[in-house]
Amino acid sequence: MTNLASGVRLDACGKTFDDGTQALEPIDLEIAAGETVVLLGPSGCGKTTTLRIIAGLEQPDAGGRVWFGAEDVTALPIERRNVGMVFQSYALFPNMSVAGNIGYGLKVRRVEAAARSREVLRLLDMMHLSGMGERRVDQLSGGQRQRVALARALAVRPRVLLLDEPLTALDAKLRESLRIDIDRLLRTLGMTAVYVTHDQAEAMALGDRIAVMSHGRIAQIGTPQDIYYRPATEFVADFIGTMNRLPGQCHDGVLRVAGGSLPLPADGHGADHAMFRPQDGQIVAPGQGDLAGRIAAVFFLGNATRIIVELDDVQSVVVETGERRAFREGDRVGVRVDPGGIMTLRR
Amino acid sequence: MHRGNTRLLLLALPAVVVFAAFWLLPMARLVQVGASGPRGIAAYAAVVTDSNYFASLVATVAVSFAVTVATLVVSAIAGLFLQRNAFPGRGVLVAMLTFPLAFPGVVVGFMVIMLAGRQGLIGNVTDALFGYPVVFAYSMAGLFVGYLYFSIPRVILTVMAAVGKLDPALEEAARSLGATPWQVVRDVVIPGLRPALIASGAICFATSMGAFGTAFTLATNINVLPITIYTEFTNYANFSLAAALSLVLGLITWAALAFARSLAGSTVAAAA
Amino acid sequence: MSARRGPRFVAQLSFTMLVCAFLIVPVVLSVLAGVSVNFFIGVKSGLTLRWVGEVWSLYRDSIFLSMKIAIACLAVTLVLGVPIAYVLARAANRWTRLFEELLVLPVAVPGLATALALILFYGEWRAFRASWTFILVGHVLFTLPFMVRSVVAVMSAIDLRTLEDAAASLGAGFLQRFFGVIIPNARAGILAGALMVVTLSIGEFNITWMLHTPLTKTIPVGLADSYASMRLEIGSAYTIVFFIMIVPLLIAMQWLSAERNPGKAAT
């Protein structure tokens, strides 16, 4: 398959709807050819609006420009942008068979029937749908519909593949396996892809980079590791996984907090807080470790045990461990924090 | 977005133009003609100020109201029964009950004549039994029977749909609390059906008020408003009064249907 | 369903059958009258198609005219109704809601009012007044809301906007989307609306009676005429002709609605 993937650039693309609500503040975003960028955030954060601006389903407010490679596509309607789009509801055409759906984009492009059906067969094969071409779409399972939607979007050899929460409608197990399929597909095809989701695990697994969005703004954009270990804002820190965040006073690179003190990382000197992930904490004997407290609650999760440790009346931290020990509520304990896991918000 | 709006406007244009040219403009003329007679604008009040027209209005409202009540009672019983019971022949019964749906008013009138006219079934039977034929097709009673004939199929279908949407758990809950079948109907089923009954009742009322074909077939001297309007227009060429009366009548039926729709939001099926 | 076939069941069944008899007996009687030599004497006077033959010679034109008007009415309501239904389903705002309300008015107000308005406004235009298209206008006004509502209902039930976005994302222009995606997916509503329009047009009397001329008589107008001035057998035979025309339409409508709501028992 020839690689027609092009990079995407948004220049100051904002969106204000007719009723005056601003869904998106003017944002800049650059996506390299062949890169997968995940737009991650809670509902109403502007991620779908951003995707629809790239698609051409929404026009950015005056001043905003959309570039595909070196071409300014701002004025092009979606049907002339040559994108592939996978919708949350899949939007399969009920009046067409599976093959009819997959071949629709080629038919619209007046690809002659023989070439079209060859291409459809190839895609059916690639998506593990061989032999299902003549089925009606309402005879398919959720996972099969999802794959048809993907095949339909890929059939037109899009410059950019746009995926709007494509796995949300599926159950957890199926989501996991399709996530792996999509990941492999994006890598092997070298697609430029923009993927919208509110599921952080999906974002971590699929994104070359993740743009965390909140209130119509990009709060942070970076690799999954960046986002996870070096959150730029409180919102990002809280939205991705569980984060312990303790306020305190800094003295010589050490932060005094409720129940003890924590060494600050070199780039965080002078900070008024420290943060660490639950798996970077460890329950130790009382009197040892960095923090002292009392076990308030214990939840066995199967693959780990989550322990809530009360440091004082207001502050508590969450620790997650794979240790097979018994933890008892009410016990006084110490918490040791891996110094490499301690971080502060970048400023 | 802008391009999309222009397209929607273009698609709407044919229907809007046709509707404006053939309904809105003529209706505006009708309103104007209604006020242009010797009575002037007071023509619109004639239906209450003039004793003849007022009698006609009262008769129309009375027969429509009576038909509505009778239809609701009959249809509620039959509709509830048909939706709640499975028995051989049920499909045939439902099909027969819905067959007259497509009859225009004139045909309904003829059905009444078949039942209660001079050569009708009731006349023949009573003649054989009592020695004299009972004939009531060509009167207000015949009109009542005709509107009943027209309305029952519609309302039965509405009742059946509404019964199908009732949550059976409510009735089971009432029975689990010890309610008798009659108490279940009174306390759970009827309240659950109330919106559908009121809405279809309003439709039934509006349809009976405005129906013309049935009355026209039975007798042109039955004193109901549509016949009065027709007579004013054709026999006396009293255009302005016919216009005014038909607008007042239209206002009444429209209000009744708007009321029904605000309750049910369903398709208004009024064809007389 | 548990059926306790007690006296309550019997009473309700009897009542329902009585209602059914009220509706069907006159139909049967009129069919019998239409094929009896003399209805006053009864079926024992013999069966005949003479009355049907007389109807054919007397009212043949009305049957053809009704068919012509019904087909023309269907064509016009399709051309006007499907696009406006699309607009109403796509853009729900104050103006579209207002127009939807207005559109229903010719059904909500008595046909007499609509007919009077048309006569007062266009009556002076002799050629139009005397032509069958004058009746067609009345039928279009009366049936258009049924077409529109039927199509809007189906279009609102599917996620039209997303389907259209999907087609556009694959490169389809508006006309390709409209005829390739929108119309095929609304066809159940269009078909139901079409059957409704034809049935209503064939049976329309209230407006037609006022608009017709001696040369433009439709079936219901002819029926009223035969009931008033012909012997009962001819009126009955004419009614049979009317039944024969609407029964296939009714069956098609029932079949279609069964198709669209397959038995709830299946779940």
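Should a chain be cited, it is by its letter among A, B and C, assigned in written order, with residues numbered from 1 in that chain.
Here, contacts are C-beta pairs under 8 Å (C-beta built on N, C-alpha and C of every residue); 3 or more make two chains touch, one makes a residue touch a chain.
From a predicted model like this one, the values you see are computed outputs, not experimental measurements.
A.B. asks: Identify the chains in contact with chain A as well as chain B, in label order.
C.D. replies: Looking at chain B and chain A together, the chains touching each of them are C.
A.B. asks: Let me check something: if the centre of a chain is the mean of its CA atoms, which chain is farthest from chain A?
C.D. replies: Chain centre farthest from chain A's centre: B.
A.B. asks: When the mean CA coordinate of each chain is compared with the mean CA coordinate of the whole protein, which chain is closest?
C.D. replies: That would be chain C.
A.B. asks: With chain centres defined as C-alpha means, what is the inter-centre distance between chain A and chain B in Å?
C.D. replies: 59
A.B. asks: At what distance in angstrom does the C-alpha mean of chain C lie from that of chain A?
C.D. replies: Spacing between the chain centres: roughly 54 Å.
A.B. asks: With centres defined as the mean C-alpha position, give me the chain B-chain C separation in Å.
C.D. replies: Averaging C-alpha atoms per chain gives centres 16 Å apart.
A.B. asks: Show the residues in chain A shared as contacts by 2 or more other chains, in ascending order.
C.D. replies: Residues 77 of chain A each touch two or more of the other chains.
A.B. asks: Flag every residue of chain A that touches chain C in the complex, lowest number first.
C.D. replies: Against chain C, chain A makes touches at 55, 57, 77-80, 82-85, 87, 89, 91-95, 104-105, 108-109, 152-153, 156, 162.
A.B. asks: Under the stated contact criterion, what part of chain B meets chain C in this complex?
C.D. replies: 5, 7-8, 11-12, 14-16, 18-19, 22-27, 29-30, 33, 74, 77-78, 81-82, 84-87, 93, 95-107, 109-115, 119, 121, 149, 152-153, 156, 164, 181, 206, 209-213, 216-217, 226, 229-230, 233, 239, 242-243, 246-247, 249-251, 253-254, 257-258, 267-268, 270-272
A.B. asks: Mind pulling up the chain C residues that touch chain A in the complex?
C.D. replies: Interface residues on chain C, with respect to chain A: 158-159, 162-163, 165-173, 176, 180-181, 184-185, 187.
A.B. asks: For chain C, which residues are in contact with chain B within the complex?
C.D. replies: Of all residues in chain C, those touching chain B are 1, 3, 8-9, 12-13, 15-17, 19-20, 22-27, 29-30, 33, 39-40, 79-81, 83-84, 86-87, 90-91, 99, 102-114, 116-118, 120-122, 137, 140-142, 144, 146, 148-149, 153, 174, 199-200, 203-206, 209-210, 220, 223-224, 227-228, 232, 235, 239, 242, 246, 249-250, 254, 264.
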